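Please find the structures below.
Shared between the two complexes below is chain A, which pairs with chain B and chain C, respectively.
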Partner chain A sequence: MQKGYQLFFAILAVMVVSWLGLVVFPQIQLGSQSTREVKEIGRHYPTEPGSLVLNGRKVYQQAGCVACHTQQIRQSGYAFDLVLNEVGDFPEIITSKLIEAGKLAGIQVTNEKAQEQMANLPSTFLEARSFDVVQDVLKIFKDSGATVVADILPLGPDIERGWGPRQTVGLDYLYHQPLLMGQQRLGPDLANVGVRLNDPQWHLKHLYHPRSVVTKSSMPAYTYLFDVQPIGEEPSPHALALEGDYAPEEGMEVVPKPEALALVDYLLSLKIENPVFEAPYMFTQAEPGEANNAKMEQAQ
Partner chain B sequence: MSSKPKKSKQFKKTSNDREPGVSKAPISVIFFVATVLLAYWAMMELNTRAGGFNRYVYGPYESYKVVEAVQPGSGDDPIKRGANIYRNVCSPCHQASGMGAPGQFPPLAGSDWVNVEGPNRMLRIVLNGLNGPIDVNGETWNAVMPGFGDVIASDEDLAAVISYVRNSWTNEASICTPEEAAAARADSGDRGRAWTATELLTLPLEVQ
Partner chain C sequence: MLWMTMRLGQVKLRGPGFLFLGTVLWNIALVVGIVRLMGGSQSGYAFLSMPGFVYTMLFTAYALIGGIMLLTFFKRQDREIYPSQWFTYASIYWFPWMLTAASSALFASEPTRGLAQAVVHGWYASGMITIVLGFVGIALLQYLVPKLARRDLHNSNLSAFAFWVLLLFGGFTGLLQAQALPAWVGTLSGICNAFVAFAWIVLTVNLWKTLQGTDTDSSDPFALNLVRLAALCGLLGSLLNFWGSRPGVAETLQFTLYLQGIYWLQLFGFVGTLLLVAVYHFLPRISDRENISSGLFGWKAIMVLYVTGSILVSLVYVLGGRVQGTTLADGNRSFLDVQSATMSFIRISTIGELLVFLAAAVLVINLAIRFVSYLVGYVVCCLNCKNESAQ
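Presenting the complex of A and B:
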């Protein structure tokens, strides 16, 4: 070992470089994040989970859900919807501009089609795959009196499956401690399960016997989260309404244990339901129903 | 017999700078070139795909600028729209910082003509220009500003640039709506000559 000190410094350098790259820089990049006001929902996001949700997360860990379910929505690309919101004072000019915009995107827009688009406002007249096209189209409509807006559409297999409206980003996991992101997708992704499947009764039935609600499910039955007990003087209010092969014997009922209720509460708390700056999507247009309801309530 | 002295000779030769038994082998040129090329390629990858290591940039978005630009409803934000117009029309004199130029062009940032309830007087100045002395933040300026009513022909753009000025730098004032801009333009009609500060002070702050 004549060159021992060289070896020592070489090993030290390798360790320092990996420590900087894997620990220090990620900490600087993402570690100091905190909740942030999201203007679309008018409150801070994300919110701290309650104690029942935290208990549910423990059950989630104990039951090993993370082995087969991920909690991360991926996004492979994005496109734009170009929306005509207002026509303005010169409809003839807008007609020709719509045709011109169609040419840019390689679509034949006829006069009648342009008229139709202008009659049904707001109308999505173009889906553009590149931001350059968007900028060119916005340039065409500049100073024409019309209001044209580009709305972003996240793309990717996960989003096509309806697993979520956008990709998940670091901010979404602020209160995920420990992080149960998962690696294998033997079952569907759960990042947005609280929005996709918001019925607690469905979740309880699914945990007790997955095949009772999803015929082809390969998920094991978590019967140990439930008590099968004789029906007392009055049936339990929490008893599951099971039918057919999955129903318990005569005079018996299936009642969820507190663990099952906590787990369902945790699942329902998993929501990706608002855009954030780093993962935008068109929020107001995606849920016109809710906005209208809110307006009607205000009016009353 | 002949191998023995050779061995000792070799050991003697290596004892200064190499472990015993290690023969001298120069680093191959190909290996060196390949390392440099690999490092170059890695740097190019980081440059194009790492998004500047910004915490707000996740793939597939390439950079912070792209994330900023693709926010929903882009193109409809009057302040953003106004920023473009300001850059082209106003910033040659009033500067991108809104500070103007000492002795020549009064500042817009923190100006007591900007931070008022309504945009009426600002609209008039932009539409028809300003001539003669004017007091800004206690300092008197004597300069000529041409009217930009023809340059900023659309009411949306006029409202946007006023909104931008009223909400940039340290300024905090209301947004100017296209309706206000249209009303001010209609009221000015074919005035055709610049305003003076005294005339402006007789006008209401809000657009009527």
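Presenting the complex of A and C:
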């Protein structure tokens, strides 16, 4: 090869193709997304974050949390629960249909068991079945008068571990600027941390000294986000309730700086709590806060 | 790269003043960027982590450096363009275009929104590793092997084939599957990784054929062995990247140390080693001093420490990533289990990182000694000249 300009134009052409393919085209495909109404929650999703959350995101960026935590839940597939909601006018037929459905799914359903299921409606008569089985079973119940529905169950280790109810999709990241999805899991995934760990005090303690709440945590302590100060006339309302080795000296208290409070606000804003068209699942109302708090240590 | 441009083109450097200015500006931009990073101003994008304005400074500096390189190239006396030059020029052209496109998409007043940011960042990261830095390494490989082995490259057509395959497909790699991205992105990335691995096999065969039976002829067997090792790291990196991007495997290895291990293989094991060998090869020729390799702070010590450290970190991360991925894929195991399975690998990798740090420290001492001896020599020379003129 002798012509420098030929080389130049060839390289330029390849570069332009690569740029069109991975910068321009994704921008057309993904960049035009907008909020969408989700009927299960009765409002548009996602919502724009408030200023405190945005400040918290900045602290998250500065502290380098993205180096160890991801914000993306993966899903390997779906399974389905089959639920009998109504029996209809022909219970004898439905009994035989339930027995037949059991045979299709490879389980033995006795006459008594079928009767019991019909007596306790709604009743889940098949659990975690594949799409093919579900289709075949639904065919059996067609025109039988009974109402049978299939509940969608997302599958995958992240979901089994309790990190979220479904996989994350493009829509979840609409207001993530910059996008802090992360590439490495040296710490747990945080995409849904605002739902599964929803106690601000727990997060503040965790940031001040991770091992004060998670015994074997390898996360570094972010003590610079807190002030250790003498207790004034009255203790600060934000002071951390630390115990044992992590408690401050007598007469002192650990008070979070505004950056720590903003960071916790940001963490609590990270929620995947409703289905979307691309990632459906059987939606139920969130559990009360107390129940979630009890699960905190386990979820870590 | 400039040395290669001048040597292969048989031409003198054009505009050294602009080059100096560009280099100074580049280093200022880097120092500013690192200081801001340490102050907490991270952008959040792993491969563009410095604040946005630093990239404008880097681009300006690079325009001066790259411009001088191109000017020197176009003024070359030897009109033939050698394989190492193809890779050099692709790297020179690609970097500013890619930097401009990615930084304007991510840091502009109306930046790319949502998930599209991940694709732009992934495109930039794969371009940096496979094309910009990867091509610098391959250019050095194609230059150093014939020089050290004292024979011509086995087949330049094989080099040309590898060049075009890497250029065509290298820019689409590095976006692992199973993210929340559209499925086509991961599939495209996996296919392109296969092409890149194939191009690397072709490159390796060409170099292997060139090196066959040259052990006794080599001008510097130590440097040649390091070049071999670097080439092996490059090949292994591309093969592991391909293996890790296959459906079924990608899902397990995603979010693990495995990807970091490949980065270490490609950037430190391959490109870094070749850059060190290049300086080791060029420095005596530039400074007219033969003895740079011996002694406690010599180049051999630096390179042995560096290569050992880099390869140790790479392999430990790759193995650790596999273990981490397998544990992560088991939903019945708690995350603390995943952490404890990974922690021993991270501890071992620290030894490797310490060796690389030690190599860098020895390099600084070496350069300081060299600089002081140069200054002393310069002063002595000036004094001698003064005495002679006085006599």
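Keep this in mind: the second predicted complex is superposed on the first by the 269 of 300 C-alpha atoms of A that agree within 3 Å, B and C clash if a C-alpha of one lies under 4 Å from a C-alpha of the other, contacts with A are read in each partner's own complex, and residues count from 1 in each chain.
Definition applied: a contact is a pair of C-beta atoms (placed from the backbone, for glycine too) under 8 Å apart; a residue touches a chain by one contact, two chains touch by 3 or more.
Keep in mind that what you see is a predicted model, and the values were worked out from it rather than measured.
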State whether chain B and chain C clash or fit side by side on chain A once the two structures are superposed. fit
So in the superposed three-chain picture, is A:148 touching just chain B, just chain C, both, or none of them (first/second/both/neither)? first
Mind working out whether A:30 is in touch with chain B, chain C, both or neither, as first, second, both or neither? both
Which partner does A:138 reach: the first (chain B), the second (chain C), both, or neither? first
By the touch definition at the top of the document, which applies to A:78: first (chain B), second (chain C), both, or neither? first
Could you say whether A:277 touches chain B, chain C, both of them, or neither, answering first, second, both or neither? first
See if chain A has more residues touched by chain B or by chain C, and give me that chain. C
For A:228, decide between first (touching chain B), second (touching chain C), both and neither. neither
Would you sort A:170 into first (chain B), second (chain C), both or neither based on which partner it touches? both
Is A:107 touching anything from chain B or chain C once the two structures are fitted on A? First, second, both or neither. neither
Min C-alpha distance, chain B to chain C, superposed, in Å, is 5
Residues of chain A at both interfaces, chain B in one complex, chain C in the other: 2-3, 29-30, 33, 76, 167, 169-170
Chain A-facing residues of chain B, complex: 19, 53-61, 66-67, 69-76, 153-154, 156-157
The residues of chain C that touch chain A in their complex are 40-46, 73-74, 79-81, 86, 89-90, 93-94, 97-98, 101-102, 105-106, 111-123, 127, 160, 167-168, 171-172, 175, 178-182, 185, 188, 251, 254-257, 259-260, 324, 328-332, 334-336, 338-340, 342-343, 346
Going by the contact rule at the top, pick out the chain A residues touching chain B in the complex. 2-3, 25, 29-30, 33, 75-78, 80, 85, 131, 138, 143, 145, 147-152, 167, 169-170, 275, 277-284
Over in the complex, which chain A residues touch chain C? Could you list them? 1-4, 7-8, 11-12, 14-15, 18-19, 21-23, 26-27, 29-31, 33, 61-64, 66, 70, 72, 74, 76, 156-161, 167-170, 172-188, 214, 216, 218, 300
